[in-house]
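This is the structure I want to talk about, given as structure tokens.
Letters A, B, C and D name the chains as they come in the text, with residue numbers starting at 1 for each one.
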Amino acid sequence: MAHLVIPPIRRLLTRWGIHPDARKHPAAGLDIVDAGLPPLLVLPLAQQAGAPARPIVRIGDHVLRGQCVAEAAGPISAPVHASTSGTVIAIGEAPMPHASGLPGLAITVRPDGEDRWIERAGEPYPIRLAPEEIARRVAEAGVVGMGGAAFPAAVKLALGQRSVIDTVILNGSECEPYLSCDDRLMRENAADIIEGARLIMRATGARRVLAGIEDNKPEAIDAMKVAAHPYPEVAVVRIPSRYPMGAERQLIYTLLGVEPPAGGRAADVGVVVHNVGTAAAVWRALRHGEPLIERVVTVAGGALAAPRNVRARIGTPLYWLIERAGGLTREPARMVVGGPMMGVAVSDLDTPIGKGASGVLALTSAEVGEREPSACIRCGSCVTACPVGLMPLEMANRIHAGELGQAEDIGLRDCLTCGACGYVCPSRIPLVQYFAHARGELASRERERHRLDHVRELTEARAERVEREAREKAEAHAKRKAERAAAQAKEAAAKARDEEISA
Amino acid sequence: MEQMITAVMSLTAIGSGLGIVLGVAARRFAVEGDSRVKEVEDMLPAANCGQCGFPGCAGAAEAIVAGTASPTCCPPGGKVVALAIAEHLGIALDADEVDDVPLIAVIEDALCIGCTKCYRLCPSDAIIGAMKQLHGVFEDACTGCNQCAEKCPTGAITMQPLPLTVGTWVMPKPALAA
Amino acid sequence: MNSPVQASPHALTQRTSGRIMALVMVALLPATLAGFWQFGWPAFCLWLVTVASCVLAEALCLQWAGKPVAPVLADGSAALTGWLLAMSLPPWAPWWLGVLGGAFSIVLAKQVFGGMGCNVFNPAMVGRTVLLVSFPVQMTQWVSPALIAQGTDLAQAVSIGLHGVATDAMTSASLLGHVKTELGRGIDLAGAMVAFAPDQAYTGARPGSLGETSALAIVAGGLFLVFKRVIGLRIPIGYIAGLCLPAAIAHAAAPDAFMPAGAHLLSGGALLCAFFIATDYVTSPSAPFGQWIYAVGAGLLTWLIRTWGGYPEGVAFAILLMNAATPLLDLWARPRIFGRRVGGKPLAARRVQEPLR
Amino acid sequence: MRDVLMTLIGLVLVNNVVLVRFLGLCPFMGVSKKIDSAFGMGLATTFVMTLSAMAAWALEHALLQPFGLGYLRILAYIVVIAAVVQFVEMAMHKTLPDLHRVLGIYLPLITTNCAVLGIPLLNAQAGHGLGMSVLGGFGSGAGFTLVMILFAGLRERLALMRVPQTFAGPPVAFITASLLALAFMGFTGLVPAGGG
């Protein structure tokens, strides 16, 4: 196994980020248990970044575990598979884990309890497959990034065909507080992860794998080192614990010392980053032919009796997971899907979890730190915390005054919305909300502008058409008039001639 | 007396000398008139719907440049156009002031008699349909100019905001106390 | 939308604005107590009156503006402003000076701009400067610490507070004022500096403002703040460097005309400024590079004004001048954005390593 | 050289045309909302001031002094300066339309900018030669530009702050200007009297 240590100078020179209370225990210390089958499974169609999947089943259809129920709609999309056998009882709107609280489309399956698998085509030695074949099968299995962003994994695998990839980085940083699903997965299924990473390496044509794991997870590091031992091309690297270490660019910089250019992709510097959970899912998809129908979810928070990690089917509603974690001991101030820093607050406990849901948190008001925002004292904590070197207070000021363009000028587009600034703010200013608002507003204006341009074109085309029609009409009219006049003249002439003759 | 003459003479000399210089400069550095009316007109949606109270978009553009109308006077253009014009002309505009939702025409199926009046009126061809057939509205092409609703004999057309979806939802701006 | 949006993050640090202010006050305690010890009851009364004046002015302004009074007062920023102002006043100054200064600080420099976080100039320094310009005599009457031995009781303190220092015999000049006068009279520096003894400066047994005489106490408080991560080291280091480097160079070049760096550092509130005044969050830049420029600039201006200006002390003016430049520094000295060049253009893609194939 | 430097420091900091002599307050308040336009205005004013100082010197020595017309000084200066400004405006409109658009209606304001008249008058009063006159004009302009940028930065920040309704806009701008002037008092005596 190759050995790689982060140079101390790079540690010293990086000043970004924060050290929030980790609060990973007790969940991190307990084994993953199976969450079981809930009475209804709700499979959201838009659980991946990109276009929502297109349903290919109808209400009343019987589906098997692992059967594709919705196909990918476009190049950046992913299919959805039934996570157990049962009957499709609804295709329509269902509550979604989205900040707006608006519903989204989903396929609801009532399990029949048999949990019968569809026929699986496993490959005993998937590493021998061609890169294109690996990417194709991963796409078919509906594997998406399992760290939260849920970007279709196959798209990143196919990158190797277009740009030269040198290094695959396995993201095992799990920098968000509370979450320990990756930690547990690395401890319990390290071999799957390493095998999956090698498949990703093969698919992208990279020559090495670096697994970056924060130093607050020593057991995971040990387990991964053991699993990686047979493979010289795989190295496990201890990285400092700091939020947001799991952000793609920050992780690349910490491990390799190169900065991916703003606006570009990691592939521009020859790197692809995959979450450890994604690597495990890739392995399962190729070795066992199992599509992505379940994932490890951390169910934690101060309002829960027994926080722990569970292996849950995609589409399991929150209330079911909460029951698996001992139920609520008190009314939570917030229910969060994802981590506390970047997760989404939900109000409906029927909301299902998607492929990207790494955690389900029932947080008390003390944990959330609810208090009224007060005036900014310009302490600059947010500037120090920002991992990309922005000035959140200045941006929020400008957005507050309605100067979205100015906020954009000073870096709104580079914001990760990681929440580090919001966490450290002593005045509890909702900085991330400002940025999300400004970005949404700018995007909405952009959409509206496009629509107006489109309408303008139509209007001008129509005006031109109306004018042309009128002109043609007038011309036709004039022509007819002329013809008639000519005919009359002819007639008159003929008449005259007749008269002449008769005379 | 002599002093007065000197004063008058010298000031006259200064004045006329400078006057000649300026006169020459005025010719030398002559600049054509205001091109801004045309620029503003190009920004307006060109629907010529008359909702602003001016005769067509050209009239509105003139009024906006002259300062007699606010850039927010164009309902079909909405916030986007208002902000663009305000920025172009250097007018201070509070974004919250123009915080309106774009409206589009919605046809009530039960009331539509298929008279094609709206279809013929629509300046952006946003309405489809034929005689005696149910009409429909292209959401993407409708400016919400309200001309169809005015002329609809059965009142089947209403102007309604675009439906909110997860894709079009915008995080609200925080209401900061203190 | 019926329920309010709960935006991320769903976790928060324990540190609040009020807690930060409390930490600063704790850090100010040693220097303040040293001042009380040095200058007795009159100093304590002046401090009390100034702080009370600031809090009262803030409360009145908030009341008048129709804002909630109690929660804003609770963050302690007004009291802190009063505290810092009192620290920079002559210890035996009449009370009305403190009252007036406090009112000026809060009303003119803070509440008019919208209160906490909105002011562009350091309120305490505005208060001090207004007083210095308006009442130059009262503002430069320093008490000789030799008098402390005689002791003052509360009754005397009240009388001093109401009527000011009675006789000229009790007053003496501070080091900077003394040197300025002597140099002006043509006496060389060595003669003027006779009175200066560094060891006095450490403990504070010398004439000066209420809270700036004891260097040790100030540095202890400042380091406490640095340790607690309330302030960074950039501004203190930058300020001290900006003040001491030119002073040291000038002194080395012409020892007779320029005071040594140590004397500059240990007098006229320079240390207080470095740790407590220049580091004011609201009126200093929030990005690292801007903080360096700000701090070095303030130090340099302090030295310039002290050396050649009409006023013997330059701290307050230097801070106000750099406050004026702070918005520009925040705009122009922003940190480099990750993945971009300093100017804002994206970095060129540098590949990790060319593959071996 | 030392004199030139001292004079410049004197004009820019100690006897700042806006904050100490209180000349040219109109554009100081009027064109200081945006840093960019404030900077443009500062540059334009510096340019005009330098030019007008030169023109006024020429006028002084070619006409007013030889003919003993000292009593016509203010009148003659106004005429000459107005012409210079008009000329600059026209030339700028043609050659630098962007800058012209930014400065907008404030360009003619330079005509009525009392600093532009005041500096030549002060030069004449002090009996400066051509070099010192031009330096006076330029130095004052530089001081004007410096203060304009500082003040515009402050105002841009204030525009983002929650200034109470009562004070929003000009009132708080005036208070800020007064505090800025207070800060500039610190420079008093930095240069021996007479520097500027």
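One rule holds for everything that comes next: a contact is a pair of C-beta atoms (placed from the backbone, for glycine too) under 8 Å apart; a residue touches a chain by one contact, two chains touch by 3 or more.
The shown structure was predicted, so the numbers you read here are calculated from the model rather than taken from an experiment.
Two chain pairs are in question, A-D and A-C; the one with more C-beta pairs in contact is A-C. With centres set at the average Cα position, the gap from chain A to chain D is 57 Å. Inter-chain spacing, taken between the CA centroids of chain A and chain C, is 49 Å. Distance between chain centres (mean CA atoms), chain A to chain B: 38 Å. Rounded to a whole number, the gap between the C-alpha centres of chain C and chain D is 33 angstrom. In chain C, the residues that reach two or more other chains under the touch definition are 1, 5, 7, 115, 117-118, 330. Counting partner chains per residue, chain D shows two or more touched chains at residues 161-162.
Within chain B, the positions touching two or more other chains are listed as 171-172, 174, 178. A complete topology is adopted by the chain contact network, contact being made between every pair of chains. Contact residues of chain A toward chain D in the complex are 375, 397-398, 400-401, 403. In the complex of the two chains, the chain C residues touching chain D come out as 65, 108-109, 111-115, 117-118, 120-121, 126, 129-130, 133, 301, 304-305, 308-311, 314, 316-318, 320-321, 323-328, 330-331.
Across the complex, chain C is touched by residues 171-172, 174, 178 of chain B. Taken in their complex, chain C has these residues touching chain A: 1, 3, 5-17, 19-20, 71, 75, 77, 115-118, 281-282, 286-288, 330, 334-340, 344, 346-357.
Note for the complex: chain A touches chain B at residues 46, 96, 98-100, 102, 104, 372-375, 399-400, 402, 404-405, 429-430, 433-434, 436-437, 440-441, 443-445, 447-449, 451-452, 454-456, 458-463.
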